[in-house]
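In what follows, chain A forms one complex with chain B and a second complex with chain C.
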Partner chain A sequence: MTVPKQIHEPLLAVESLAVRFGGVDGGFLALEDVSFQLEAGETLSLLGESGSGKSVTAQAVMALLPGNAEISGGHIAFSGEDLVSLPRSRTRALCGTQMGMIFQDPLTALNPVFTVGDQIAELFQVRQGYGRRTAWSAAADVIDAVGIPDARHRLNAYPHQFSGGMRQRLVIAMAIALKPRLLIADEPTTALDVTVQAQIMELIGNLQRETGMALLLITHDLGVVADVTDRVAIMYAGRIVETGPVRVVYDHPAHPYTRGLMSSIPSLDESDGPLSTIPGLPPNPRDRPSGCPFHPRCSFAKPVCAVERPPMRALSGGRMAACHFAEEVVRLDPVS
Partner chain B sequence: MTLSPEPLLSIDDLRVTFAVRSTFLRRTLMEVSSVAGVSLSVMPGKTLGIVGESGCGKSTTARAIIGLDKPSSGTITFAGERIEMASPQRRRQLARDMQMIYQDPFASLNPRKTVAQIIGEGWQVHPDLLHATERNAETALLMRKVGLDPALSDRFPHQFSGGQRQRIGIARALALRPRLLICDEPVSALDVSVQAQTLNLLSDLQHELGLTYVFIAHDLSVVRHVSNTIAVMYLGRIVETGAVGQIYASPAHPYTRALMSAAPIPRPWAVSRPARIVLKGELPSPLAPPSGCRFHTRCWMAREQCRTDEPKLREVAGRQTACHFAEEVVATAGPVGTP
Partner chain C sequence: MKSATAPVPARALSSISARSKIDLRLLVPGLICVVYVVVAIIGPFLTRYDPVATNTSQRLRPPFSELRDGSIALFGTDQVGRDLLGQVIAGAQISLTVGFLTLVIAGILGTALGVLAGYRGGWVDTVLMRLADIQLAFPSILLAVLVAAVVGPSLLNIILVLAFTRWVVFARVARAQTLAVKNRDFVSASRTLGAGDWHIVRHCILPALVAPVLVVATVQFGLVIVAEASLSFLGLGMPAGTPSWGVSIASGRNYLATAWWISTMPGLVLSALVIAVGVLGDRLRDRFDPNLTTR
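Coming up: the complex of A and B.
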């Protein structure tokens, strides 16, 4: 362990990932050619609208894909180990110990018929072979760490006896209990109120600073991204269309879809005039447009966009985008 | 007639109470005031935004206006008529003038009816509104108005996307030519790009048809965009109400301030913004609301007086606010330290 590795390995490296959902009609590709890397301690947001593939990406990493879905191409390397070719028993062992996940709905993520103490202590008993007494005391420590007051006493309560924000704290406690190196948070605050959301994001940030774990945040909320992450990857129709440091991407988007998203959210400061919109709807995954999947909705589209799929290209400022005219889009006036 | 126009809708000291019953014999154990003394008004053609977190009573207020929940006291005046105790027959007539758009575009449309049947349902309850021979044409007109292709009128809700379904819900609400639309979280289930389309549609319709909106949402930027006046609710009470620009520029109630500062914005570095206030603790149970000011348990400015005296809404800096120290809140508009 004292000899430094020759080649630098990111904590998580997803390379040309493709996921296919089966079906009687031949199925469809939910993800195509998705690549990104995450360093230890770093934060990356996957941002996209429903159906863009952001949650499928998280499920693929955690080996939680639904039964009718399979990884049909690419690699997922977790500190050098390729999760795609590993036997399922080994990926299951990594989940929970090395990788933790927080789900959107804190009520369905908890079992209603067991006390929270049972559910959290079980982690330590199954994964680390603790005895019941030690496991319960470890459980009390983690729920104390996520800011639930009177932890020892609350272990005997059932999930329904907690508020939505407290339940999300419990789910976070379970995700971080075994000190994972990677935390995947799939829409962790979508079901919560604004002030509770602020509490939960603050908690995740603090835990990350204390433990040095990496965070992969899946969200549709452009504002949450700006609060917590270093880098953002914007997904559209099963692909990443733009990725880079949040400030670079948000201030001067290089992809017309990113630009469209940024300008279609109302601002807190002013209210006049209609909002600018992205015309049309996201494409049906069974029937994606040829060339650039965004071209039917794009105001910059030219004939080439309907024919040729733009590859991800490196641009200035440490960002990449998949648009034939990215340089022109960057040069446009910043969105207000 | 009068020089100053009358509000289309005004609510005075509305209370809506629910009984908490035992599972055995359904005995009433205690009562919860979901809405505890709320007064509001909306001028014709304007939009009143109601913001607040879950459990603050905003949806119950809307349901009381439309007659889905019965107020236990207080008055609701619509176009000069007291309606809270109206007879069921009168209520049905009033329903023509007041329609509601619901949050969930999946649950609020009957999956076994076609779009035409959904939009035309109101005409069966109010057959005198439109002659049967005119209904098909009117359905097509409504669909075009909300941006749907009339050729799709024979389809079923599941054949549409979330945004399109919300448009069907809007067309259904407009079919009875209402004067007041109550929008309960109409865009919170929609994606960002579709949300903007829907908000623009609602604003176009308001101008075209002279509609009055009560717009309930938890997203503060959305409320800012659509509203003329807003009311901020906390635990069944209004804590601050007034012109939207004034309240957003300088909140006078600590809760409003915390709410505004907690709302995530996409480019926080591009605007000057006071430091985020992360409220401590939990929303108290409405079964046992705190004494004095209901917000004092979570307020970083709370003093002894707040525990004992309940602050009344009063005029401060051009809006109504219910805080003993509102002047201080306005004066310290800069970044505040949390306790």
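Coming up: the complex of A and C.
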């Protein structure tokens, strides 16, 4: 090979990923041409409404896709290794030690028939070959690190004996127990109270700072994102439509969909009047519109939008957007 | 009992409330089953029953009649003078052995295949479950008669034959429960922590199967014992010399008009056990089912 190997390699590089869900009617593409990169220690948020493909992206990275789904194109490179073509045994070895995942609903993410100590200590015993005693003390350290008081004593409790917020802390404890370099959090606060949400996000932020792991945060909560994330990627109808540093994207969206999302955040200043919404519904994945998938709902749409799909284009401020008229959208007044 | 005038001591009150917590529908059939098991285990040491010994001078004695040696035949004697109580006790051992071993074999086989079908899905699931459907469409006793007629009567054969007809029930329950559990988040969570299939089956799926499979086993236990008796009655189960309840019932059918007790006594004993196990199974299901549907 004459081409020198790239010196810099992102921790996670997803490249034109496509995921197809099978079905009797031929199935549909849940993801199309999704590309993003995540550096070590960085936080990237995937934002989008339900069904936009956020969770499928996470499942594809963690090799958790349901049985009727398959990766039909693209690559997922984790520190240089292509996860798509890796044998399952190797992916499994990476899971836990290199990549961890936090689930949406802490009520169902813990095995109800074993004590939390059993579940966490088992990780150390199976994956790191610890003896029983060392594994249990390591488990106590981990759940102490996620802020569960009286850790050593609580190891003997079953998951149902914890509150929702505490359970999410346990789920986080399991995900970070083996010190992964990448943590994927799939809507980690959706099932929790608002006050607990803040605590959990703070915990994740602190853990990330301490361990230097990268965080892929999947959420539809625009507020959660702003404080913790470095960059955002907005997803719509199975594609990324805009990506860039969080402040740039929030203040001057380059895609009309992003702009719609931002203006739908209720503001405390204007208490009167209806909430701002995006008209229409996300398209049925079996029957997506031609051209730009957002054009039927877009107030900026021109005839070309129905014909030609806009590619992702680099814009100023280190961001990219997939809109024919991105420059005009950016120039609009900032969203309130 | 709770008369308003008489002051009830605190201790009596607490013992009443404690007693009301005892579940009679669980306790009574449970005790009956325990008695059967104890009798089956120690009975043969208490009454020495010889299936080939005959005593024609004391044949066809009704229940509670005094025998020549001064002992009382509680269940009466049969057409060749054998004590029916001894026969029934000896039969208990056979019936319980058949019931227990059949369920162990059918339970392990059915659960394994059900988990395999539910977990793997795809063509494995299709093949296994269509096989199960075909077998269910066929009356199980007819199938048992067919196989038993081919392989011939013996204790081992009847256990295998009955297990062969019962695995389907376990397989279906195990498959349904596997399907319900395998897509739960904690299974995905285990996967993201690097757990393999075998680990997930052992730690996530099998523990969730214990309660429903045990409930099915109690319900099936009664059916298996009846099936064994039916096969023996038809002459396809236990060999004629063995004191199985089915054999005893069959041997008395020519005397129903004159000596009703020969068939009736083992029949009553059999019915009592089947009812007790059935009630126990129902009760266990009531207890455990809510835990299955909720988390």
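Rule of thumb we're sticking to: the second predicted complex is superposed on the first by the 329 of 336 C-alpha atoms of A that agree within 3 Å, B and C clash if a C-alpha of one lies under 4 Å from a C-alpha of the other, contacts with A are read in each partner's own complex, and residues count from 1 in each chain.
Criterion: a contact is a pair of C-beta atoms (placed from the backbone, for glycine too) under 8 Å apart; a residue touches a chain by one contact, two chains touch by 3 or more.
All values derive from a computational prediction rather than experimental measurement.
By the touch criterion defined above, A:Arg152 reaches neither chain B nor chain C.
Within the superposed three-chain model, A:Val194 lies in touch with chain B and out of touch with chain C [touch as defined at top]. Applying the stated contact rule after C-alpha superposition, one finds that A:Arg309 touches neither chain B nor chain C.
By the touch criterion stated above, A:Arg288 is placed in contact with neither chain B nor chain C. In the superposition on chain A, A:His75 contacts neither chain B nor chain C. Of the two partner chains placed by the overlay, only chain C lies in contact with A:Gly67; chain B stays clear of it. In the superposition on chain A, contact is made by A:Ala226 with chain B only, not with chain C. For the contact definition in use here, the chain B contact set and the chain C contact set of chain A share no residue. Touching chain A in their complex are the following residues of chain C: 121-122, 183-186, 188-196, 199, 203-204, 207-208, 295.
Those residues of chain B whose C-beta lies close enough to touch chain A in the complex are 53-54, 161-164, 191-197, 199-200, 203-204, 218, 220-222, 224-227, 244-245, 248, 258-260, 262-271, 276, 278-279, 282-283. Residues 49-50, 163-166, 193-199, 201-202, 220-227, 247, 250-251, 260-262, 264-269, 271, 274-278, 281-282 of chain A are the ones that touch chain B when the two sit in their complex.
Residues 62-64, 66-67, 92-97, 99-101, 103-105, 107-114, 122-123, 126-127, 160, 171, 174-175, 177-178 of chain A touch chain C in their complex.
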